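Next come two complexes built around chain A: one with chain B, the other with chain C.
The block that comes next holds the complex of A and B.
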């Protein structure tokens, strides 16, 4: 793979909730605007997500897709996985085991 | 009964003479010119007279009970042995004796120390073994009260015999006490505490024959016999009622406090939620409106259950609207770009069912709980007491002496208590001054905590007699201040000739002496056959401790300061010399008193002082003070008998 200027990895920490979600959304939008529209969100250090956090992810997914890129998630902890399954969003956002797995076919 | 009539006669005589004397003091003999010592002295004397009134009132109704009727049919009993750090051998001796109690029962060791050896011992002796449940992790443990509360929820006997780890019960203890519970309103039967490791002269004043005798019998007469934490049988139903009532009260207080703070918290949250957008602000505003109407409803007398339910429902609705908003945004986002074929095959891809929406908006997962202040508020306005290990706390936890507070609450609910005057357990008293002081300090602090937090004089549900009985105990703990005045007054006279009393002449003696003699006679009659002098000595000689208890309990209740403890080594002290650190205030007092006598004598000899009677009265007074204080030196030098004689059988 050639030098990859389109891919970026975001590593939020702690609780991805209503308070934190706007910041993540902004970060993703800025990244897309700078041309890095292949985004992996690494959930290693996330302990919790609520519906606002999900909203930020989907908004990010929309932003990347419209720019021709994609948003993928990796290292997803149990609580986040549960929320994804509950909302059927696990079928939209597939949880990858590692960051490398998430980005290997780019 | 002759003794009762004689007691009442002496009470009447003492109080009459006392009132005349103190009345004369206030009206005619206060030397206002030296008010700084005259007023404290007359106040201290008035304090003593009120104390005499309270004691007189107590013994007036002395109830001499005989044997109890036979136990109620089929009564079931749990015997609780509470331990924290006592040696296994000690607990084992108590446990084996408890197992040998003749009335059918189950015995449990309540080990707050969670020691493996204790568990093994319980298994070997064949007894139940209880430690705290997981609910207590990271929550207030409430010491012995918590230990008992924990065990109350996992046992089921109708009656509970509580024994401290060192209290070896007599096999007949239940047969002799359960019968009092034939009266359905009796919640408690207390028996005396008696110590087997105490010598006849009892320098540490461990035995309390006046308390476990005339005082308790007198309180019993007013239906105010005290629960003393050990050697007592309790009715489970009464404790559970206490738990339920206490739970409702605590919840009410907690919810009221939380709602009182809600306005301020939510207004601030509303400001911070601006960053999260309009929907978040709407949700917070909804919660604020709900908090307002909840507070109004509570003030208007609505049930706390309904109020919290409605508040929680409103919060749920606000959460739900936030989740709905988030989901709507996601749906719109997903619809605006093309998904891979295999995913978009189902029409309306983002199918989120009600269960999922419920979960996303419940308390733990709601976006609202991102606002920490809102989350805490919502948790507080509820009925589950998340800050406590168990919602029900039958044993009162407001004080370090759970027994008195629990007993008072039982009485406010209309339950009766019984004092059964027969030694049915033998315990071990502290063996050195340090340990003894620590124990006394704790009792005093606990009692004063109850006085300050739940003043017995204004407790609804208590009879006037009961109020005064509880108040009497608390009043007696103020003796330290009076003791200081009783030492300072003769010193100022002997050293400087300052007279707090106008005359130390014959009128004074004529009024004072009969009162004092009658008072002593009263104690002689009331405590006939038991040693009351030791207790009297300690009520004055421990003046630094009583004062410290008052100060620390006040600071604890009003300022939230920790109570603090007398520092004392855990292990038995072996000939470690004189404990100056523990008794220095008494040493200072002794030196001052002796020097004052010398100065007083010198002043008389040099004609700086003219009243021989005045000097004599004050020197006699100092002599009495010294006699009283001397007990502390005996206690300091006291060495308990070697451990071989310690085991009680």
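The block that comes next holds the complex of A and C.
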């Protein structure tokens, strides 16, 4: 099987708010620019997200899809899941149970 | 059990961390609050405060005071800031299209609160947030 050079896993930590969101957005853009346009964001160590964090995910979703890839989320905690539902973003960002679940069948 | 909290500072991104920390302290002090009530109230506080950080004028020079009252039936927060009058006008609970990157803050705050009121009092902006406890 050929090595998968298009998939990468990002692991933000703590609170994904106005302070941290720009860095995540930049990381995603850099990854796409390097040809790794299938991105899994692992939420294991995220405890909180706000609308800035959501904005970074949507920017990432658009950037990966424009490049022919996708952005997926895994291990999503309750606060993040609630916020995704309230903003209807669960329709475009489906939460995968594990990073492994999110990392195949692109 | 009731409790009152106060936090002063500048409306800059780093101050959001102090608000998060304050709400964490509230959770420690008040184990009777459900994780869900606290989490949703924190979501609203950070959205409203983030809105002031983002739109407050002059940028970086707006100071604020956050007061939080824990009562038997509700959590009530008031964020007062020294910035120019909030120019945004009314807001609702309608969310932007899913692929929009901005514009969800106040709609999200409204969705998790029982009331969100903005008032201009003299040269102060005042945002009052109430969540009735479940």
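Throughout what follows, the second predicted complex is superposed on the first by the 105 of 106 C-alpha atoms of A that agree within 3 Å, B and C clash if a C-alpha of one lies under 4 Å from a C-alpha of the other, contacts with A are read in each partner's own complex, and residues count from 1 in each chain.
Following the convention adopted for this analysis, contacts are C-beta pairs under 8 Å (C-beta built on N, C-alpha and C of every residue); 3 or more make two chains touch, one makes a residue touch a chain.
Only a predicted model underlies this, so the values are computations on that prediction, with no experimental measurement involved.
Visitor: Looking at the overlay, what does A:66 touch: chain B (first), chain C (second), both, or neither?
Guide: So A:66 only meets chain B here.
Visitor: Between chain B (first) and chain C (second), which does A:29 come into contact with in this model arrangement: first, second, both, or neither?
Guide: After superposition on chain A, A:29 lies in contact with neither partner.
Visitor: If you stack the two complexes on chain A, which partner ends up touching A:101: first (chain B), second (chain C), both, or neither?
Guide: In the superposition, A:101 touches no partner, neither chain B nor chain C.
Visitor: Going by the contact rule set out at the top, does A:87 touch chain B (first), chain C (second), both, or neither?
Guide: A:87 sits against chain B and chain C alike.
Visitor: Taking the superposition on A as described, I'd like to know which of chain B and chain C A:15 touches: first, second, both or neither.
Guide: both
Visitor: Residue by residue on chain A, keep only those touching chain B in one complex and chain C in the other, then list them.
Guide: Residues 15, 17-19, 50-52, 54-55, 58-59, 61-62, 83, 86-89, 91-92, which sit in both footprints.
Visitor: For a test of understanding, state which residues of chain C touch chain A in their complex under the given definition.
Guide: Per the touch definition, chain C meets chain A at residues 13-14, 16-17, 20, 39-40, 42-43, 46-47, 50, 53-54, 95, 98-102, 104-105, 107-108, 111-112.
Visitor: For the complex, which residues does chain B have touching chain A?
Guide: Chain B reaches chain A through residues 275-277, 280, 322-323, 326-327, 329-330, 333-334, 336-339, 343, 349-352, 355-356, 359-361, 365-371.
Visitor: Within the complex, which stretch of chain A touches chain B?
Guide: 15, 17-22, 50-52, 54-55, 58-59, 61-62, 65-66, 83, 86-89, 91-92
Visitor: Going by the contact rule at the top, pick out the chain A residues touching chain C in the complex.
Guide: Spelled out, the residues of chain A in touch with chain C are 15, 17-19, 48, 50-52, 54-56, 58-59, 61-62, 78-79, 82-83, 86-89, 91-92.
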